[in-house]
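Across the two complexes that follow, subunit A remains constant while its partner is subunit B and subsequently subunit C.
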Partner chain A sequence: MSGAYASPQLYLEEQARWRSAEIAFWIAALLPFVFFKAYLSLASQIAITALFALSLDLILGYAGIVSLGHAAFFGIGAYAAGLLGKHGWGEPLSGLVIAAAAAALVGFAASFIVARFRHLALIMITLGMGLLLHEAANSASGLTGGADGLQGIKMWPLFGVFKFDLYGVTAYTYSLVVLFLMFLVARRLIHSPFGLSLRGIRENPLRMPAIGASSEAHIRKIYTIAAAIAGVAGALLAQTTSTVSLEVLGFQRSADVLVILILGGAGRLYGGILGAIIYMVARDQFSGLNPQYWYFWIGLLLIAVVMFLPNGILGGMAKLISSWRHRTS
Partner chain B sequence: MAPQDIVTAPALATRGLDKSFGSLLVAGGIELALPQGARYALIGPNGAGKTTLINLMTGMLAPDAGQVLLDGEDITSLKPEQRVKKGLVRTFQINQLFPRLSALEAVTLAICERQGHGGAWWKRLHGYREAVEEAHGILASLHLGENCYRPARELPYGQQRLLEIALALAAKPRVLLLDEPAAGVPESESAELFTAISGLPADITVLFIEHDMNIVFRFATRIIVLVGGRVLLEGSPQEIAADPLVREVYLGKKGHHG
Partner chain C sequence: MIGSIFGVLFDGFAYGMLLFLLSVGLSVTLGMMNFVNLAHCSFAMLGGYVTVTLMSRYGWPFLATLPAAFVAAAAVSVVLERVLYRRLYRASDLDQCLLTIGIVFVSIAIAAYVYGTVQQPVQPPAYLQGSLEVLGVNFAVYRLFLVGTALAVTVILVGALEYTRFGAQVRAAVDNQRMARGLGINVEGAFAVTFALGSGLAGLGGALASPMIGLDPSFAFAYLIYVLIVVSVGGLASIGGSFAAAALLGISDMAGKYYVPELGAFLIYLVMVGLLMWRPSGLFGKR
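Now for the complex of A and B:
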């Protein structure tokens, strides 16, 4: 763990180095194109959920900001992109940008409240904001379609060339590329001085002012960035499925993404992605067999992971590998 | 330094600082003036309000009345982080570290925050070479260089106390308030820790809380005695040791005859 490094810079460089497992992971993400062609739509949903979980990881895993209302930003992005597509602007990329801006704007406004609270108060506040937005979208049925959802979204082909096909080839390609680019941004961010400051807030918010740091400004910034990324995820869902239902803003989605991140391992960037894969594939398989028991197994898995793998599945794997290396060396 | 600076106000001063928690007075009319470069010890029995005074000075508690002045400037309305930026820095009696950050990361964090890079999210951390080297230098000067890649929570307790000080030094203090820096450290190691403290640059004003009178008389040039939230006495170690009131209230129990 604490081996000697030639210089402090090299040590920090080593923290940010691309691991071979990471490269292998992103190559493996291409496998569905070859081996699971029937599941490309599912793969696209997984990539979108992974992006959503990644955005939560930035605030929860790195800055220690708990949220039970993160679907608010996913939903805003979904409705923004959906409304654009419905009202005659079906260009996907500009739709993503506008959706991200809309979610970021609301996230920035909310961040002034969020930055001032922690723990239980924060859970209640984010939960409350999520419920507010859900009900607002429900009652504004003229705009959102209410409980019937937003119908009649017409997406233009990507770059004017690639149509969103029934098999999900374009959808998965699009979602995966956007996930990867957003991941690069997040990865860059966590290895920057700002990323270090976020970990400082997570590790000891009391010490931060004593070293001259304004935690609130940092929290406002990361909350806005995370909201934008969640908005992109929501927009991807709206664009690749051409529908937006009220559940994009629902409490269930906020809870699910939290479960996904905790299962996979918070504060590790890949935790949310791994969690999304396990969760979505398992749901696809189990719910085919016995839909009503799906949450029974998720509940069991969640309890087991939190009890025995406090750092999630990825944290458990990392521990296993490092102890194995320790033994062989 | 310009000539007019020499006659300026003390590095840190308080004017009529009052604070009560309900009916309990924890600070009453505290008037202090610490000249630049002084080494002050703050002593007093348990519950005298020593930590409270540090909390009031650093802005972690708001006073009911009175002012805190840093180099003559009224900083009473500034937030704690703003006071740190102006050079008023503290450590904690109970470790306030970043448990899962390595010592090097923690000190680099404090330096980046001081330099205003804390919000820089596009440039890689290891690109800030000077900050990283400065962090390593601070850690090495406190004999933490060997262990600087280990998470704070894995360090031996004595080294954690040193990291507490390293974090404060990273903020480039002009006035450093040390709340029982040797708390919990075995007596044999506490002298070593204070040797490190006395090796700090002479232009830094230091105020430390300490119970061990041998340490106090060895390292302080001035002593403030706080009892029941009020300054009982301030003076040189000789004056304090000779004062009958101090001997009765505080030193008497310890049986110190300095």
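Now for the complex of A and C:
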């Protein structure tokens, strides 16, 4: 952080200013409609994964809560939306809201546990809660379909007009719009005094209460919000693909989203989105290979990022740009 | 009925000892050195594959492959420690987690490339097969062997760490690096040796476990969760704690599978989350 600001207000306002690169990015997100029509389903998957990574970024990147069980909320959202669709209520938007509420409710309950722990105990507890939910969904096969997944989900057209087509035009439009709206919410949160205090908690959880900002209350709030957003991402997946498999709750999904976020750059709004694009496109391109070998490259990339790019690809790029500017000026 | 309860207790205890053998190395690396080493089971998997290769391709006897598994895992871990781990001793939990998850991914891919994704058959020698019957209860010989090995490892390890000069140096280096360095202890060396010891034990555990639980590339993830549960529930840096936690876990898992199979692994995870919420630093943890 360089440069002094007259007041925190000014600092936050400066941070919240829309930059040209951001506007260019969101315009570029429309390109698949024109150039990559065959890849619209993939694009919608990317948007959903990006939203999931964004929700993890809120707790991990900004509040410093390491979670190895974040897929729990993704899965709750997916099952909530899927069950609604299966049992006769296929209206997408209200399904999204209900899924978010369900995930938020569980997230709120879990946040009381999460806020009390740090370090290894926290990692193990989030991991354990994720596994618990996975096992519970597996056992309750009457409700969730167990290992066979939830089938027979019937989605109604969006606004009663736009059907979910085979090419994914509606799916991508829907996912992208929801991603953008959620992104706006996250962006507003991060650039508020609340967001600033979250970063304070990440840097020093003992000092924040000393200056009058209770860590636990803040962590509970952001954890609930992140759970709701993860639930929305899960619901989007269920609605756009009309299936829910047990894998939405799996450890693999929690690990994948962590990898995606770290690759892109945690603690940066666009980190999860960039990570999702790189990860999903690479996986799509290499899917001809055995998935086991695909993980070789992901593992290598992860090691390289931890070793050489502590702030992810986005952090590395920001450093490169700032050093380049420094040299030219 | 009594016989079946004893049978479940014994099988559970033997399974717990298997988990203990797999995880005791982690209670050294994670517990003493504070490194969140999620790649622990990759070293165990390496040990398992060393045993498989030596037995099937070179015709070594099973028992002779066990030290080889220890040495191979320790040797590979020293290389990784010098190149990668060493740089992250002071890094955050998250960075350590990520680095080691990366190593797990790579190790799974390599194992799948070399050995394929099929289960590797490991047959213990004839004198370790079969079972003994005492008072109407069947004791599988291999399980008795596991229990005996686990007890021997515990005694040797506790003895080495608590009562030898080297053990004292390691504990000093881990507790207070600067002070230890000031006293002329080779801290770097102590760390490297400790790490090799932990990973070598993982290799040994993997080799011993493979006849019972099978060996395929997913081993590195499948048992990671159990191993982490044992170490975090038992308490970091507490070998006795790991022993107790492993026995508890093994028995409750076996009893759960036997009496309430529909619950699956649910019970184990519930016990873990509950115990950790009650005592975040583990049953026998000091910190």
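Just so it is clear, the second predicted complex is superposed on the first by the 315 of 329 C-alpha atoms of A that agree within 3 Å, B and C clash if a C-alpha of one lies under 4 Å from a C-alpha of the other, contacts with A are read in each partner's own complex, and residues count from 1 in each chain.
The definition used in the following text is that contacts are C-beta pairs under 8 Å (C-beta built on N, C-alpha and C of every residue); 3 or more make two chains touch, one makes a residue touch a chain.
The structure displayed is predicted, hence computed values, not measured ones.
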item	value
First, second, both or neither for A:I262, with subunit B first and subunit C second	second
First (subunit B), second (subunit C), both or neither touched by A:Y11	first
Touched partner set for A:A217, first subunit B, second subunit C, both or neither	first
Which of subunit B and subunit C A:H191 touches, first, second, both or neither	first
Which of subunit B and subunit C A:M208 touches, first, second, both or neither	first
Shared contact residues on subunit A - subunit B and subunit C	none
Contact set on subunit C toward subunit A in their complex	30, 36, 84, 87-88, 93-95, 97-99, 101-110, 112-113, 117, 217, 221, 225, 228-229, 232, 236, 262-266, 269-270, 272-273, 276-277, 280-281
Residue numbers on subunit A that touch subunit B, as the complex places them	1-5, 8-13, 15-16, 188-189, 191-197, 199-200, 203-204, 206-214, 217-218, 221, 225
For the subunit B and subunit A complex, residues of the former touching the latter	58, 60, 79-81, 84-85, 89-90, 92, 96-102, 104-106, 108-110, 112-114, 117-126, 128-129, 131-133, 135-136, 147-150, 154, 167-168, 170-171
Interface residues, subunit A side, partner subunit C - complex	60, 66, 68, 113, 117, 119-121, 123-125, 127-129, 131-132, 135-136, 138-139, 251, 255, 258-259, 262, 290, 292-296, 298-303, 305-307, 310
